[in-house]
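So, here come the structures, one by one.
One chain, chain A, links the two complexes that follow: it is found with chain B in the first and with chain C in the second.
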Partner chain A sequence: MLFNFALFLLFVVNISFAQLTATEILKKVDDVSYAPKDQFYKSKVTLIDKNGRETHREALMYQKGTNKRLVRFTEPADIRGIGFLSLPEDANYVYLPAFKKSRRIASHIKNQNFAGTDFTYEDMEALTYSEKWEPELLQKSESHYVLKLTPKKGRTSDYSKLIMYARTDNFYPEKIEYYDKANNLCKILTRRRIEKIGNYWVAIETEMKDLRKNHTTKLILEDIKFDTNLSDDIFTIRNLER
Partner chain B sequence: MGRFSNFVIKHRWLLISLTFVLTLFFTYSMRKIKINSDFVSYLPQTDEAVKIAKYIGNKYGGNLTAIVAIETNDIFDPEVLKNIYDLTEKLKYVNGVSYVTSLTNIIDIKGTEEGLEIGKLIDEIPEDPEKLAEIKKYVLSKELYKNIVSRDARVALILCRLKEGVNRESVAREIKRIVEAEKIKGKVYYGGLPFQMIDMSKLIIDDLKVLTPIVVIVMLVVLFLSFRNLKYVILPLLSVTFSIIWTLGLMAILNIPLTIISNAIPVILTAIGTAYGIHIVNKFREDSTIINPKERAKATISEIALPVFLAGVTTIAGFLSFVSGSYLIMIKEFGIFAGVGVLFSFVISLTFIPSMLSLLKPEVKTNKVSKNQADAKLSTKITRLISRLKYLIIIFSILMILVSITGIFKINREVSILEYFKPNTNVRATEEMLKRNFGGSLPLYILIKGDVQDPQILNEIKRVEDFLKTLEDVHNPQSIVDIIEEMNYAMGEGKKIPETKEKISNLIFLVEGEEIFNQLVSPDKDEAIIQAMVTYASSNKISSLVSKIQSYLNSISDKGLNVKLEQTGMPLIYKHLDDAIIKSQIQTLIFALIFVFLIMTFQLKSIPGGILGIIPISLTIIIGYGFMGYYGIPLDIATVLIAGISLGMGIDYSIHFMNRFKVELKRSYSFERAISNVLGTTGVAIFINALSVALGFAVLIFASVVPLQRLGILILLTMLLSAGATLILMPAIILATKPKFLKKIISKTETEKLKQTYKEG
Partner chain C sequence: MKTLKIIILFFVQSALLISQNLQINGYIQADDRVKIKDKTISWEEYRLNLTGQAELEKVKFYSEVWLRNFGSNNAKKISDLSDRNYVEPFDIKIREAYVDVKDFIVDNLDLKVGRQRIAWGTADRLNPTDNLNPDDLEDIWDYGRHLGSNAIKLSYYIGDFTFTGVFIPTFTPAVLPRGDWIKIFATEFSKTEHNYFEISDSIIKIQNPDASLKEASKFGLKISKRNILGFDVSLSYVQGRDDIPIISKIFAKPSYLDSIHLSFPRMKIFGFDFAGDIKGVGIWGEIGIFYPEEVILETLIQNIPIQRETILEKKNYTRFVFGLDYTFKNGVYANVQYLHGFLHERGRGNLKNYIVFNLERKFMNDKLTFNFLSGGIEFKRGKEIKNNHAFIYNPQVSYSPIDNIELIVGGRIIESRGKTTFGRLSDRDEIYFRVKYSF
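And then the complex of A and B:
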């Protein structure tokens, strides 16, 4: 009886989700992806090159809302202290401790990779998915919605399209395939160990693979803290240069 | 040799069927023969320069570049830039290409009022003419872009770095296919070694297709004119064809591809192999007094087998002499398989031809005798003439040698693969265009082992780079220092190398993962390379350039810094090839001379005989070299074969001459009469032989590959010379000196005869 009821529930739920439009699904993806007011974590970065050679780095990440972010590298020693600050309106700054100087990074360089990772500045930009992409629902399976995202009118992108696999249960985008302007699949983002910490879903492991370079970036998050009321003072050039 | 001839005639059916079966088998295997135009793949893997080049290839994404060049009135035209952009994006995905560098994806480092900009040079293609003009001005002002845009902005390059260990020719073909599918506004050129391989491959096939039929026709004509009898034409040609099929079939089975050198094997085997047939057929024809063809074939073989065998062995030795001394593996392979081909050729000639001859219907004697008598008259006259002029002939020969020796010092060398193409080919035109606009297309690398984040090391790199810039033939050297200086400037600290390691590692952090960084610095940052392009002017210039660079690098290593510098790239490889050409030439010469001397000594059982036997060929070689010097024919990968081939084949004439001379001397007791008899019989065969070989090799003059053309001319010359020297100079010397070892033959036969008459009496 209980089993039947569960089946029934699943059926109803399925139907109700099936009726969601692509736009609604993407909205829900945004809700789960950009939910916390602020967040902090320690990120262990592993870069794997085509020969399988690994480079390890560690950084602290502070983020407030969707458009303020500070990344500060702590390991290894030769890059310790290097910081990146992203503020609204594509204002990006880098701080080089050896020079004791920060420099603004030109805003239009979206396709440039961030600090040797496989993430470009565009991949890390503050816009939500809905703000940037026009979704189309390609397919729905038991576990995933498959959305095709193309740049919205007026938005430029280095990608011709993304194929996003969002989970049906919590709308967490588990996998994203990136296609370049020549419409070749060029990168794949995969999120693993998606866990609920506090009120929010978060992927403890993220992997970005550049298919052409055969280069992979893996992130593992530690010490994740949400909604700790991070001060705006953290996201200033003065703090960056500290 | 009697036993051998009995064996052949006894088993003639077996031998004939075996020959046909093997020929069928090798014809079947031959289908799979491949072509390899990639001369880089034939570099010796043990060579230091090759090793380092390979190391760089593996670590930095390749060491050879396929260059796609677009030429228009102005590259900074939205349509052209779009072409470049599209191609750059597409070529990235070609299997075997590691990096594509062009105007649309090359790194740009800018220090602006806003701050630091590290991005792509042309990210979005502007339509606005003003913006285009601005970009143009910026691009032309920067050193970093000199290697992808010409100074007049009319030519832009798309550089495709090829991964190490890929099939370079097929990658180049794929790149070309993609570019050709695109509608390009402007003229497209394909430059650099990988694209040259496509053309080379075509030349190899063309030469094979064109030259092989020509040489067969030439041989047909030569044989027909000599024997005026169809069966005597067909048999030698058939055995030659079989030997070619066997050789190519064997190469296919052993997975040995054809190269720019070995594609001449069919021509060479035809030219050489026909000669064996000629001697056999000539002797058979001469023995027309024996009516039974079986007996006649037996008699022919028992007399001719040894000289043909010796001639074959010396020719094989000539080819094998390339195996030890050559730098390029393709020359070793050529030596081995040309040698194997010659082996096949004389084995088939000595078994198949007599077996077939023995099956002929008995021939009724025709006017042959009268013709022979006519020959005899002529040869007597010639002998008398030689006898009268003997001292003059000898003095003239000595003068020729002296003149030629001065020519030898004028011989140049030529190692550039580019020079293998004829002057008005596309490849040469492209190269000229690249030379004009970018200085050249030969990649040069300096590998610097040391901590790349150490300012001292970077300063050393900079010094080497600055030194390279002072050299006339080196263009656009590039290293990580250029990038670091650019960034230091953007950080507001001037266009120089930062003074601390921390600063350098901060800056490197910003460009790590950029393609240009991976092309210039190792992943562990413990070594870096300087890359530059070099103009090829001549082998001499390349050699002296390479030495200059090397001595500069040595002077740095002497300073005791913790840094190791090594040079590699095509210039150094060319130098090694150049050095090896001379070395291999001398080695071949000594080896082959000693070998033929031993063979002659063995044949004549006399050391003075050995010396006498090699006089004609030594004269030939010296005059051949002198000719090269005076006529500006350089030593290259094909003409380096001249000594081995000429010696191996030219000595045959001495062998045949002496073989017959001994026989005739026994019969006639007189030097004059013996010489006259030799000239009238074997002399004719030698003449036909030399003519057929010379004309066969002359076919190479029609080759598309320049070195093969030169080889054709030279062999033509040396064959005629060595036959001439054998038939004129050698009799003159014999008549002038009347050597003891030959007199012994007469006295021996005389005593034997006396003994015999005594016994009988």
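And then the complex of A and C:
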């Protein structure tokens, strides 16, 4: 009896998922991607060039809600102390220790790589997918929803579209393909070791591959902390410059 | 003086060393320049930069020191050879050494005490509102560099507003360009038709202000607001003395010049700056309105005043800069600034115009940067630009083969017509090499 009831529930749930619209799926992707109230982690970054040569970076990342993010590089020495602060209303700041002051950065820089990685400033923006992209459901397989994302009206992007592969079991965006303005596939983001830490799903390993440069950035997260009640003070120019 | 500096350095570094959170960083940099014309070395600097930083909850200690071997053998007499300072010129500079207390007494109030750099303004290196720290013009190509000041700074943060107050109790003049480079800027400093710096500097006397707070101190106030219609804006006020001297008295005997006295005029400066973007183009600007005291050049022969000439009028003048930057789809980054009034120019009618530009492109995943169109144009008036200008072309290549190492090769080629400041450098075209290792 209990088994039958469970089967019935699974059927109902499957039906309801099958009927999800693209917008609802993207909302659920946001819910799982930005579920924690706040998060902190140390990020070990490996840059791999076309000849397989590796260089390394380390950074601290703080995020609160969906629209406040602070990244601060700790290694190597020549970029140590460089900070990037993303705030609501498209306000982004970079702090360069050599100049002893922060600088508001204009949106033209969004298509530039951030500190030599394959992530652009646009990729680093603290914005939910739903805020920025208009979704269209292309396909649903047993394992993934495949969504086509195009920039929302009024939003600018250096990408013409994204193809997102979100897992059907937990809606985690496992893979994203980035297409340039000429509609050529230019970058692929792949998330691995997707684990549940506390109440939240997180990808311990993330890889961004730039197909044009044949260059890859791998991120491994360490010391992950969720919901530690990060102060709003962290996400200020005062803290960025400190 | 040097012993005192070493003691201070030892104290600062020792205090930092005992801290359990100490971080020591820095870099080693070699900077060599060769004049193209006669293949002589025009600059030789080997710098060890050390920064020490320790954080204890709400208190941060920070120091930055330069240890430099500057220039080569300067010995002129046999006795000089016994003095290491002539044979191997060496200096220590404490750039910064301060304590920064967060939430001092009340929440959102920060106190910073000690030798510090207070960098105001939004423009790139050319900041008419950056008037608290003395200018460091030692290396004229590194314009925008400032000395640290022994200061007290209070900052109060409320919402998107920041209120800043700075008090600098003592007066420190600017460091003027090294060696004979000072002559290049002489007419701007003296503001007369005569280039008094061509004569022996032993008769040029500096008249420092009294050490009293009233005479020597400087203070500044600033209100900043983040995000007004997508722009960050600031209003500022600075009151103190100009750190670049101006000629104020000439003492002469009937047959020869006895001495020339330079003083530091008082100034009040109202500032405004902004930064933001319009349709993806980065835009910034700064305006400094300077209210100087009147300076009268008095010429005395045998202590009898024979001539009085106003050399700096008690009339406000405005220095300003507007800049924009943009990254094109092909990866070329462009940065252009229009400046009215270089940092040593003052007085109505004496300000020149400058367009400073840099176009660069990165290659090899940012390891190689080529500044292919970099330099500036100086001119007094637009309609005279054809016959009165200086053009500086400064291409540069920087390469980071591995993390923490940067190799730079560049050149400065100057073409000029008429009478211009940078035109006086036209026989100083040079190639430079820099190597920097960060740790």
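Methods note: the second predicted complex is superposed on the first by the 226 of 242 C-alpha atoms of A that agree within 3 Å, B and C clash if a C-alpha of one lies under 4 Å from a C-alpha of the other, contacts with A are read in each partner's own complex, and residues count from 1 in each chain.
Definition applied: contacts are C-beta pairs under 8 Å (C-beta built on N, C-alpha and C of every residue); 3 or more make two chains touch, one makes a residue touch a chain.
Quantities reported herein were computed from a predicted structural model and do not represent experimental measurements.
Participant: Could you classify chain B and chain C on chain A, in the superposed arrangement, as clash or fit?
Facilitator: On the superposed model, which is not a single observed complex, chain B and chain C clash.
Participant: Is A:82 touching anything from chain B or chain C once the two structures are fitted on A? First, second, both or neither.
Facilitator: Only chain B is touched by A:82; chain C is not.
Participant: Does the superposition put A:238 against chain B (first), chain C (second), both, or neither?
Facilitator: Touch partner of A:238: chain C, not chain B.
Participant: What is the contact status of A:112 with respect to chain B (first) and chain C (second): first, second, both, or neither?
Facilitator: both
Participant: Determine, under the contact definition given at the top, whether A:163 touches first (chain B), second (chain C), both, or neither.
Facilitator: neither
Participant: Look at A:99 in the shared chain and tell me whether it touches chain B only, chain C only, both, or neither; answer first, second, both or neither.
Facilitator: The answer is both, since A:99 touches chain B and chain C.
Participant: Quick one: classify A:56 as touching chain B (first), chain C (second), both or neither.
Facilitator: In the superposed model, A:56 contacts chain C only, not chain B.
Participant: Touch check for A:32: first (chain B), second (chain C), both, or neither?
Facilitator: A:32 contacts neither chain B nor chain C.
Participant: If we overlay the two complexes on their shared chain A, which of chain B and chain C does A:184 touch? Say first, second, both or neither.
Facilitator: After superposing on A, A:184 lies in contact with chain B but is clear of chain C.
Participant: For A:212, select first, second, both or neither according to whether it touches chain B, chain C, the two together, or no partner.
Facilitator: After superposition on chain A, A:212 lies in contact with chain B alone.
Participant: Per the definitions at the top, what is the overlap between the chain A residues touching chain B and those touching chain C?
Facilitator: Correct list for chain A: 47, 49, 55, 78, 99, 101, 103-106, 108-109, 111-113, 116, 156, 181, 215.
Participant: Which residues of chain A touch chain B in the complex?
Facilitator: Touching chain B: residues 47, 49, 51, 53, 55, 78-79, 82, 93-94, 96-99, 101, 103-106, 108-109, 111-113, 115-117, 156, 180-182, 184, 212, 215 of chain A.
Participant: Name, in rising order, each residue of chain A that touches chain C in their complex.
Facilitator: Where chain A meets chain C, its residues are 47, 49, 55-56, 76-78, 80-81, 89-91, 99-101, 103-109, 111-113, 116, 156, 181, 213, 215, 236-238, 242.
Participant: Would you tell me which residues of chain C are touching chain A in their complex?
Facilitator: 25, 27, 60, 100, 102, 110, 117, 119, 122, 155, 157, 162, 226-227, 230, 232, 275-277, 280-283, 325-327, 329, 331, 333, 365-367, 400, 402-406, 436, 438-439
Participant: Touching residues of chain B toward chain A in the complex: what are they?
Facilitator: Answer in residue numbers: 86, 89-90, 92-93, 110, 112, 114-120, 123-124, 453, 490-493, 498, 500-503, 505-507, 509-510, 512-514, 523.
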